[in-house]
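In order of appearance the chains are A, B, C and D, and numbering begins at 1 in each one.
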Amino acid sequence: MRELRYAEALREALQEEMRRDPAVLVFGEDVAAYGGVFKVTRDLLAEFGPARVRDTPIAEQAICGLAIGAAMMGLRPVAEIMYVDFLPLCLDQLVNQASVLPWIWNGRVRLPFVLRTQGGVGAGAAAQHSKSLEAWVAHVPGLKVVMPATPADAKGLLTAAIRDPDPVVFIEHKALYNTRGPVPEGEHLVPIGPAAVRRPGRDVTLVASSRMVLEALRAAELLAAEGIEAEVIDLRTLRPLDVGTLVASVRRTHRAVVVNEGWRFAGFGAELAATIAEEAFAWLDAPVQRLGAADRPIPYAEPMERASIPDAARIAAAARSCLG
Amino acid sequence: MRELRYAEALREALQEEMRRDPAVLVFGEDVAAYGGVFKVTRDLLAEFGPARVRDTPIAEQAICGLAIGAAMMGLRPVAEIMYVDFLPLCLDQLVNQASVLPWIWNGRVRLPFVLRTQGGVGAGAAAQHSKSLEAWVAHVPGLKVVMPATPADAKGLLTAAIRDPDPVVFIEHKALYNTRGPVPEGEHLVPIGPAAVRRPGRDVTLVASSRMVLEALRAAELLAAEGIEAEVIDLRTLRPLDVGTLVASVRRTHRAVVVNEGWRFAGFGAELAATIAEEAFAWLDAPVQRLGAADRPIPYAEPMERASIPDAARIAAAARSCLG
Amino acid sequence: MLNRPGLGELREMYRRMVLVRRLEEELGRLHREGRTRGPIHRCDGQEAVGIGATAALEREDLVTSTHRGHAHHVGKGVPLGPLVAEILGRATGSCGGRAGHMLVADPEVGLLGGCGIVGGMLPVAVGQALAFQVRGEPRVVCAFLGDGAAQIGAAHEAMNLAGLWRLPVVFLIEANGFGLTVPTAAQSAVNELAIRAAGYAMPGRTVDGNDVRAVFAAVAEAAARARRAEGPSLIEARTFRLEGFSTSDLGGYRDPAELAAWRARDPIARLRGELLPELGESALLALEGEAERELARALEAALAAPPPPAETLAAPEYASEAGARGETAGA
Amino acid sequence: MLNRPGLGELREMYRRMVLVRRLEEELGRLHREGRTRGPIHRCDGQEAVGIGATAALEREDLVTSTHRGHAHHVGKGVPLGPLVAEILGRATGSCGGRAGHMLVADPEVGLLGGCGIVGGMLPVAVGQALAFQVRGEPRVVCAFLGDGAAQIGAAHEAMNLAGLWRLPVVFLIEANGFGLTVPTAAQSAVNELAIRAAGYAMPGRTVDGNDVRAVFAAVAEAAARARRAEGPSLIEARTFRLEGFSTSDLGGYRDPAELAAWRARDPIARLRGELLPELGESALLALEGEAERELARALEAALAAPPPPAETLAAPEYASEAGARGETAGA
């Protein structure tokens, strides 16, 4: 299969869906003429024109409201919030409008929009451009939260998100845009919901999402060298969560490490650890190990930044500690 | 001891601290002339005048920014966000400024402000005025998150919050304002951090905060009638969390039910359940039971609203199921 | 649509204004009897704004409303039975009792919809208007907001975007002099909010919000402009709220003389006075009686209807799950 | 402070502008050599705004900055060594390397401070000004924002509140023609942002942002007004960003002719031309050399300094924990 970069895979999904469905619209800061600061929307303006591909002012509340209103009227907007760090600016629109209206209005409207954004630690983007805030949106009923880890999923999940009848918060990772991998040509749908077992193993389950999947896979390599067979689960969708795959794995391996790039305290890892401890209680041979970012603002300086989030070595150490 | 309503206890704390320290300032929507929609700031304007007690425009970002900026310059502002449902409008100020600046600036500024707000289900306030969003703020490093359950704690914790050198999000409960209880006269400080054991018991630990403490205590009564002795822990502070008290209790009772009024999925209960399962793994005789709000917007109609959050009966049932 | 309402239109507006006033009064009564839930936001004294504005719209136009929306609901044509039932949280309500009084919506008549977050629907209104523009539909969104709401960030972002993209939105400020209890002079740096329109490259004007003809004319003109793809407008309708900010209002913050002066300028009495020479007393009494009977029927039916059962809470979270009705307003 | 800078002041402004320009150029070079981290936002071409404005302030006044703040930092007097070290993430930086280039702050000189969230410091600036008002201190906050930032909700809330309470804030828009890549004409419904001041009951004016004297005069006047407790002002300084939006800029979105035209209006060359008759070539060369040597020393020291070690991450989360320095700017 031909290989694409994660960013290109995303772009292909946008392009194919815009060709397929005239209701699909793309807007956000710097997405049109420039093609997005990560170039995910490159050349879409040239192909689809200024009515469907729009640069907006710097106005995150308006961007999110645009998506809600246009979706309510039958369009399928794909809005971009440049960094997940700016998502707090439109959380009112997400938690008080997007989450509420379809259900509270008794299903009388649908809101089929996608809010694309990206998070995570990159190279020195500092405290206001490096956060992982998926725990917040995953808490909100009515939203779906998707975080692809591979180029193929980036394409397949974005395609599914655009066709989905519900609001989807689609969180990319700045340090994944340049990763390459095989991506199917033409229509490629990865359903929202199911997790993927990226590597089978019987000794311990490593649960991760987004870039942490790559770290977990590297940890599995380290562990394999020591004779420990780790199973790696890529959640892909955080809400609704694929509890079945998660729990089935832990019931087999009896041990779990959950990894999330967001702050550890009250983070998404807590949901994973709690769910596993509830649903696999009798199967667990050791406490679930939970890794997350240090509970501090993300610092700029490299040694501090690097220390602030989980990595393969720390994941492997956590796995060893549940086996020890 | 004389009894006060929760709202009066809060007012007393504000009044005493404003008398004690001229740097204390109160502002927010409808807090001055009207005395607050829950009358917590009643008569403060008359005593302290319009420079220190201010009605603001409806502008939650500005309210929060005012608190940050004034605190940075050495005042001790107590700002009010009328409903926690409106807190999303100022989360950018909290997560990108208040959380970040003191630590990222290497401790060169302090932000001693209190953001008072209130949440929870009352009587028919509906989807945009009934939420519990403590999970969001509890996720943020550098913030402290306090939720008093009793009038005495309302006074003591608010006093401590005003004197604290860090930003404190102080979340009251609309259905507690009229509850009465003994409140010490004069200076009364309840330190931020420690949880309180509200009822000792040896069979199961019920962990709750804010109004859910009252439901847990009622559940303990129900259980006592069946010969089950439940220990009830009132967290009081959610961040930093008193893990010691929590874990010590569960290590004694071997069973835990965690109760939070916010949505269950990725809610604060997940942090509690995960922490207990991690720290008391070898002591647990049953999975931690986790209760939260139904993962839906809070509906208006009474039967649906009532069904949407935990109550004494459901807490008792959860306790029985871990004992069963 | 002409900018001057004809007699038939005025007659109907009068009927609706009376209907809204009676609704507010009945809700006040039910509240005092302990038969309502939550803070209900009456609009007594402001009826000319909501009724006059919606009368100047077409059925396919949209209205985004606020927490104080009864005149918008009635004006836009939400059937009275389901409207009252929703306000009272019944299964027969337009949203099955889930929404309640602050969040009433009805896609069939273009009320999309109520909102308890001040300013919360303004960005949404802009998105609705974007859909009309993209599809080339000659439809307009009338976005109501309060004079308090005009101070919130979302209002700025929405107005700038509407002005920039020339979207078909009529921003209609119901300037009733207060937020909840804080007078507008203590909320806004400027007295006349309409002047801000210049900062968004849209026309702005102030009208007498107690004169239903003036409101109608201003909205008709702004809607026509929007339909001609000339972009948004800002209208500030000066009016006054005669009752509490909600049924929770404990009072004590208003000047009785000011209130009395505004009571003397009641928009319903004013329109009645204007219609009297044209229609005659008995026709007006008949109209009022008709409104009262319609309301009584709706109230009686709503009060007799059951609330939605607790089990309804298990209704699917997502439209993607089976069973969601999925009526789309855009169709 | 007089509104017209004297020759000594102009001389110092010139030195600072040169210093900022050299700093930007050196950072560009270091970036190309792979020796910087993260997107650095250079302000080449805009130096007259930051330097002119800060020169018109007193030391006890405050500046809230943006992501593009090097001229604000230098102008407000952050010592160059710690400034450059912070930009490069060294332990010797003004914030110990934790903040980095977007978040530089220095309470000692009233830079409080940088911010990577567009518009994020505007509500904070209003709060700082509130403290001055409450304590009756004759201090002013100069709040810098971009022409892109002027479209965000927080700007509206902050300006309305400042106007309403007559807080001592100077809102200074650096109108450099772009957000990141989107021209201001595609972001703002109006071309002239200063007209929005009328909606906040404050004076608004547009000045030539490449004329350091004009910027100085406008800020001096606005600051004096604020110190007289007459409230805030809005100044729109028209300028142009000559380099990329950050070191990540891939280009391709700008008109080369426009860029060339603005290069010809370089504020540093302009001021040099004005000072030449007064100071003479050799004095100017000496001044430039001085700036270059100062920068070279700071750069060399910063590059030689270590970054903060990973263990610094364990520094206490809260000021209430022992060990926090707790320097309070208000003292």
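Methods note: a residue touches a chain if its C-beta (ideal position, glycine included) is under 8 Å from a C-beta of that chain, and two chains touch if they have at least 3 such contacts.
Just so you know, these numbers come straight off a predicted model, no measurement behind them.
Q: Identify the chain pair with more contacting C-beta pairs: B-C or A-C.
A: Counting C-beta pairs in contact, A-C comes out ahead.
Q: Among all chains, whose Cα centre is located farthest from the one for chain A?
A: Centroid comparison gives C as the farthest chain from chain A.
Q: What is the distance, in whole Å, between the centres of chain A and chain D, each centre taken as the mean of its C-alpha atoms?
A: The answer is 35 Å.
Q: List the centre-to-centre spacing of chain A and chain B in whole Å, with centres computed as mean CA coordinates.
A: Measuring from centre to centre gives 30 Å for this pair.
Q: Using CA atom averages as chain centres, what separation in Å is found between chain A and chain C?
A: That pair's centroid distance is 39 Å.
Q: By residue number and range, which residues of chain B touch two or more other chains?
A: In chain B, residues 56-57, 59, 61, 85-86, 89, 92, 96, 100, 103-104, 126-128, 141-142, 295-297, 299-300 touch at least two other chains, as defined above.
Q: Using the touch definition from the top, which residues of chain C touch two or more other chains?
A: In chain C, 98-99, 103, 115, 117, 120, 151-154, 157, 160-161, 164, 186-188, 315, 317 touch at least two other chains.
Q: For chain A, which residues are in contact with chain B within the complex?
A: 85-86, 88-89, 91-92, 94-96, 99-100, 103-104, 126-128, 131, 133, 135-136, 138-142, 239, 241, 262-263, 265-271, 273-275, 277-279, 281, 284, 286-288, 290, 295-297, 299-300
Q: List the residues on chain C that touch chain A in their complex, please.
A: Residue list for chain C touching chain A: 95-96, 98-99, 103, 105-107, 112-113, 115, 117, 120-134, 153-154, 157-158, 160-161, 164-165, 315, 317-320, 324-331.
Q: Where on chain C does chain D make contact in their complex?
A: Contact set of chain C toward chain D: 151-157, 159-164, 186-190, 195-196, 198-202.
Q: Quick check: in the complex, which residue numbers of chain C touch chain B?
A: Touch list, chain C to chain B: 36-39, 89-91, 97-103, 115-120, 148-149, 151-153, 179-182, 186-188, 248, 250, 252-253, 307-313, 315, 317.
Q: Which residues of chain A touch chain C in the complex?
A: Where chain A meets chain C, its residues are 25, 51-52, 54, 56-57, 59, 61-62, 64-75, 77, 92-93, 96-97, 100-110, 112, 141-142, 144, 164-166, 192, 240.
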